[in-house]
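Here you go, one structure.
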Amino acid sequence: MAKFMSLADAVAENVRDGDSVAMEGFTHLIPFAAGHEVIRQGRKHLTLIRMTPDLIYDQLIGMGCADKLVFSWGGNPGVGSTHRIRDAVENAWPHPLAIEEHSHAAMANAYEAGASNLPFAVLRGYIGVDLPKVNPKIKSVTCPYTGEVLATVPAHRPDVGIIHAQRADREGNVLIEGITGCQKEVVLASKRTIITVEEMVDKLDAPSFNSTVLPHWTIGAISVVKGGAHPSYAQGYYTRDNSFYIAWDKVSRDRDTFLAWMKENVLDKTPDAFAAHAKRSA
Amino acid sequence: MAKFMSLADAVAENVRDGDSVAMEGFTHLIPFAAGHEVIRQGRKHLTLIRMTPDLIYDQLIGMGCADKLVFSWGGNPGVGSTHRIRDAVENAWPHPLAIEEHSHAAMANAYEAGASNLPFAVLRGYIGVDLPKVNPKIKSVTCPYTGEVLATVPAHRPDVGIIHAQRADREGNVLIEGITGCQKEVVLASKRTIITVEEMVDKLDAPSFNSTVLPHWTIGAISVVKGGAHPSYAQGYYTRDNSFYIAWDKVSRDRDTFLAWMKENVLDKTPDAFAAHAKRSA
Amino acid sequence: MADFTRNEMMTIVAARALKNDDVCFVGIGAPSAACNVARLIHAPQITLIYESGTIGTRPNVLPLSIGDGELCETALCTVSVPEMFRYWLQGGRITVGFLGGAQIDKFANINTTVVGDYHKPKVRLPGGGGAPEIATNCGEIFITMAMGKRAFLEKLPFITSMGHGPTGAERRALGVKSKGPTRLITDMCVFEPDPVTMEMTIRSIHPGVTREEIAENCGWTPRYFDNCSETPAPTAQELEVLRDIQARTKAAHAA
Amino acid sequence: MADFTRNEMMTIVAARALKNDDVCFVGIGAPSAACNVARLIHAPQITLIYESGTIGTRPNVLPLSIGDGELCETALCTVSVPEMFRYWLQGGRITVGFLGGAQIDKFANINTTVVGDYHKPKVRLPGGGGAPEIATNCGEIFITMAMGKRAFLEKLPFITSMGHGPTGAERRALGVKSKGPTRLITDMCVFEPDPVTMEMTIRSIHPGVTREEIAENCGWTPRYFDNCSETPAPTAQELEVLRDIQARTKAAHAA
């Protein structure tokens, strides 16, 4: 049952050291504010799951929150590398980072299987490639009808699923519209959930581009955090802050510059700081 | 690529004797006009697939179009039996009808697997029940991670998928809204498709209740047949004709009454006859 | 005590069993009436889901079928049927599933498939529909059925959906974690499973019904809980709400 | 002949390869420019699909990422990412998939995963993303990559997505029915697979490029088709459309 609370309380109640945590958002609606709160609260030993670990995972990993990354494509989209993730994988800084690597298709199917309460997903994938040689989680089943061998991956069942959405009504039903990625599946597959939203409204006004509704009884915590997806975008609210993505390349290349930036912009701030971003690029 | 044509041409080009044909519509948007055209053109030896075979399949089976029925619930919803289907199963009239019986969950998963180009579907189902004893198509796989045994069904890949939808734009993109059932999956799983629509429009105006769009390049034939879902309903166009469902019980109980009704209302009519129904209950 | 029919009693008992935070998979007929009476009386926040894909419906009249337009128009959202069965039912999101059927045995297994041999049926029934997976994937199952010797059988010719299994032990043995049928609400009495044997056992008898009458309408010798009581009669409010929604429904569907 | 860069030539050759009835899975950067140039010149009905779920997009400016809002706002419809990978890509609905990568071998296998040992990488690359399944589930694959000795390798350290397999035989041997890489479009020339060996073989050389230059930028000794020709230079219209959309894009993203 959805419970409205501050983001600080939502993270304190729901994210524990050692948890597996999926923060999703396919370019759109990336839960930056929630990620910052996890960093501020100093969570450790997380297994971070995400199809496209980009800046928010670069920050979490650079700050030493994670022991393991489960992913399918890691980079600063349109810009280049995620330097903190590379530094962790290549140089074990700030400490070693184990990786479990999949393809997008496998990750999407693994969330779908989790939402469907199945222990594994079947896909026509991983054919002729090297990933199954280095990821023992990729296995196979034989079709009982055709004899065809198909790839399998275990379902994702994160301890905590975290997403950002456009709005919630007072009952706690949440609307996502535009590019919805795999956010519905993440919420349905996770044991606990945190959803940050741009605003609380009286009525969801559901019919819209690809509108997707999560009923209140599928949700744990909801926190209103205006601008909470910055520097990514929230369709209908504000656009992507491309300059931030470009600037991040420079910030994240150097460990000290990175740490200084994190102190100033994350550790010494609160979720309210995001509201300014929503205004700036609206 | 979608091609607009008359319903008579669409059926003549796409439905062949011996085909497997799925006409879907979960209470809503049942393709009655298309079913009638298949009867008029005298198709034989069809394998008819449908989660909820109701009046239109009662009519097809009573007229001897089908050798086999693949289904999960057969009846006149809210009224009682489908007498023609029962007569075929119980008394082999007008000739024997083979049945392949599933649960709704298995049928829905089989369409979903077909749309996903997988040879089979996995479900947490058929536990402790007798259907697997009488349907050899129900098998199982073992989860490669947990060892759990789960049920499987072969994917549905009908030769022809037939549905009714609200409207198409001039390019042939089709909009379905309201209760969309498994119609998208049927279209994507089928080798050939026929879609009847209430009207052709300049713009689909997609955002609406649960709006679902099928791009023109996923579709074979499109025919404009106003009222083509009568006596079921088309959300936004006309409501369900409940009196017809009740009246059908009497018509269909007796073989001769049934045949007379079919001659008068199907064999001697054309798809244009449906337009009157759309007006009547609008 | 107000005048009421046994069917009304059955529907009202079913309505009472539903809680405000339940997420309920609704069938047509009695369950639909019961769920909506619960919503209108003591469970305003109950979530009603129909297998046609409508989630959080608040219909003003009872639907004639599980896919009526009214269900979609009053729903929080509507999903496809494959999604309904995958994410919502199999996903374990439903707390209460309602089932009915043509025939039932003392362990609440249900037959809606066939009378006689499956391959040469005497009577071909509609089939399972959603029932086989509703029976195992919902948190618990409420069954509503009118009693009668041809419906309440010692042994079923076919198990369409599992209750507690043919001997009451199979459900547990198969490792199914949901509770299965916790209530069998009839027009004469309410059964609940014996915690040890899982046999459906009479917990309360509706006003005006005798044990003899129940015995005459049951294909096995029914057992009673020691503290078996009388079902509280429908209140005036319960009857009013039920009759009101039924009248609205009749008027709407006749139009 | 108009002045043009080699990158412009690469993009325009890729655009020319697309047909009006193609359904194209678009990546970012060069493929996105190529697909939209094709749409604006000779293939107005081409369907562009981005893996973020947008189907039939007609963006006015090029997206910076595969999930930009512009893609959704101009799309015929948008679906979830699981649906995109299940119904649309795996469903076999895509005629052309575009791939790029950090490294490629002569059988058009691609590495975007790692340089050095997987478990102790020298350089950790972004990973496969959609590529492993794009490579086998699309009707055919067009690859765009700028040539260079560090990119065009005799042998890859890691195969992220399969072209025709490590020796050119594996794709067929594995029973994959889609065509795989039918064109490798570089900044210097266009490769197509030899029909027998499946080795990527040069079909045409871009204007102003020499065979020596190609050899210097290729980690294996490239083969040429007997009838290898010169790639037709960009037309004035092609350049204008490409530069125009790039200028619009730059203006939009700077704003």
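To keep things simple, chains are lettered A, B, C and D as they appear, and every chain counts its residues starting from 1.
To be clear about the criterion, a residue touches a chain if its C-beta (ideal position, glycine included) is under 8 Å from a C-beta of that chain, and two chains touch if they have at least 3 such contacts.
Just so you know, these numbers come straight off a predicted model, no measurement behind them.
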item	value
Least step count from chain C to chain D, where 1 means the two chains touch	2
Contact-richer chain pair [B-C vs B-D]	B-C
Centre-to-centre distance between chain C and chain B (centres being mean Cα positions), rounded to whole Å	28
Whole-Å gap separating chain A and chain B, where each centre is the average of the chain's CA atoms	40
Per-residue overlap in chain D, given as positions that touch at least 2 other chains	77, 86, 90, 137
Junction residues of chain B, two or more chains touched	117-118, 123-124, 184-185, 206, 209, 212
Chain-level touch network, classified as line, ring, star, complete or other	other
Set of all touching chain pairs, with the criterion as stated earlier	A-B, A-C, A-D, B-C, B-D
List of chain A residues in touch with chain B within their complex	117-120, 122-124, 137, 139-146, 148, 150, 152, 154, 206-209, 211
Interface residues, chain B side, partner chain D - complex	1, 115-118, 171, 173, 184-185, 188, 206, 212-213, 215, 217-218
Chain A contact footprint on chain D (complex, rising order)	28-29, 51-54, 64-69, 71-73, 77-82, 84-86, 89-90, 113, 118-119, 121-124, 126-133, 135-137, 158-162, 165, 170-171, 174, 176, 253
Chain C residues touching chain A - in the complex, by the definition given at the top	21, 23, 45, 47, 55-56, 76-77, 86-87, 90-93, 137
Parts of chain A lying in touch with chain D, wherever the complex brings them together	26-28, 51-52, 71-75, 77-78, 81, 85-86, 89-90, 101, 103-105, 108-109, 111-112, 123-131, 134, 178-182, 184-185, 209-210, 212, 233, 235, 239-240, 242
